[in-house]
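One chain, subunit A, appears in both complexes that follow, with subunit B as partner in the first and subunit C in the second.
So, the complex of A and B:
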């Protein structure tokens, strides 16, 4: 969640500062870590993304509860 | 094309049922400067933005607003799902309950339903960007009133995150406005 937020905020910053190469390098580093973290999350809790953006090996886990609004933190 | 991500952007925790607070927070679902209005407005304004940076920004903030709409919905859902009818009546949500049970619906804190007349898409990029900056500030004010009203510290934590996002969006729209001014002025010179 923290990594994804970092990437999102850097993304918005880069939209108005596309030539800031230091921010771009931070973004790419963050994106790489995020991809790794999502892989680990998905192997435990099932796919995060629909429409084929996340693989679903062995079983169709997309339909599993809880949905985001039902999660107890 | 949009892809759904099965998680919240920021955690939602509540300390038990609180339909009164739900009624207040629901305003960010259905008021003129709420998350639905913001998302639809930004995504719709993209088509008449001349500058690619502004098109990207409207796409990305418009998408983030959908994630905020989901956070608001999760807050309201969790604050009313286990509320008793007695609590709902005491909170003044009996009218809402009559029409929607405990379902989510786009209304403001006074019960007025959302309408497209709330939002603007004017075609002039300068006008639209100013509109968006004002909307972000209005949403920030509403979050500050909600934070003052909130009697649930966990809910307040989530509201604080959403308030901060309004400030960042305001800043980014201001930068997009400057870029657009520069671009429109540059275009005046012909050789």
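So, the complex of A and C:
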């Protein structure tokens, strides 16, 4: 969540400062780390989005998660 | 009003009835957790509301 927030804030800064290459390089580094973290999460807990992001090659993983009301906190 | 007159009034370069947004320069940013907690990663944009002492509220 913190990684995603930092990416977003850099994204907003870059919208008005597209030629700030230091910010751009920080953004790219951050985005890469975020992608890595999401990949790691998904390998442990299943896909974060139903399509467009995570392949589901062998079995349909999207419905494997517990439903929200089945989660015991 | 001429620029000289504006200066004489102590308003510097700025003209009346215009809105100005100073240009932000990226110099430093906070770490991931601190940025999330404060709602911005840019220290120069951080401006929390002052705490209300009567309610004992604290701002992080």
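In the analysis below, the second predicted complex is superposed on the first by the 60 of 73 C-alpha atoms of A that agree within 3 Å, B and C clash if a C-alpha of one lies under 4 Å from a C-alpha of the other, contacts with A are read in each partner's own complex, and residues count from 1 in each chain.
Just so we're on the same page, contacts are C-beta pairs under 8 Å (C-beta built on N, C-alpha and C of every residue); 3 or more make two chains touch, one makes a residue touch a chain.
This one's a predicted model, so the numbers in the text were calculated from it and none came from an experiment.
K.L.:
So which one touches more of the residues on subunit A, subunit B or subunit C?
P.N.:
Partner touching more subunit A residues in the overlay: B.
K.L.:
Pick one for A:60: touches subunit B only (first), subunit C only (second), both, or neither.
P.N.:
neither
K.L.:
So, A:22: does it touch subunit B (first), subunit C (second), both, or neither?
P.N.:
second
K.L.:
If we overlay the two complexes on their shared chain A, which of subunit B and subunit C does A:10 touch? Say first, second, both or neither.
P.N.:
Once the two structures are laid over each other on A, A:10 reaches subunit C alone.
K.L.:
After the superposition on A, what does A:1 contact: first (subunit B), second (subunit C), both or neither?
P.N.:
both
K.L.:
Based on the superposed arrangement, let me know which partner A:50 touches: subunit B (first), subunit C (second), both, or neither?
P.N.:
first
K.L.:
Could you list which residues of subunit A make contact with subunit B in one structure and with subunit C in the other?
P.N.:
1, 5, 9, 13, 16-17
K.L.:
Applying the document's contact rule, which stretches of subunit C touch subunit A when the two form their complex?
P.N.:
The touching residues are 24, 26, 29, 32-33, 35-36, 40-42.
K.L.:
What does subunit B use to touch subunit A in their complex?
P.N.:
Residues 3-13, 53, 56-57, 60-61, 64, 70, 73-74, 77-78, 168-169, 172, 175-176, 179.
K.L.:
Which of the residues in subunit A come into contact with subunit C in the complex?
P.N.:
Within the complex, subunit A contacts subunit C at residues 1-3, 5-6, 9-10, 13, 16-17, 20, 22-23, 26.
K.L.:
Please give the residue numbers of subunit A that touch subunit B in the complex, ascending.
P.N.:
1, 4-5, 8-9, 11-13, 15-18, 46-51, 53, 62, 67-69, 71, 73
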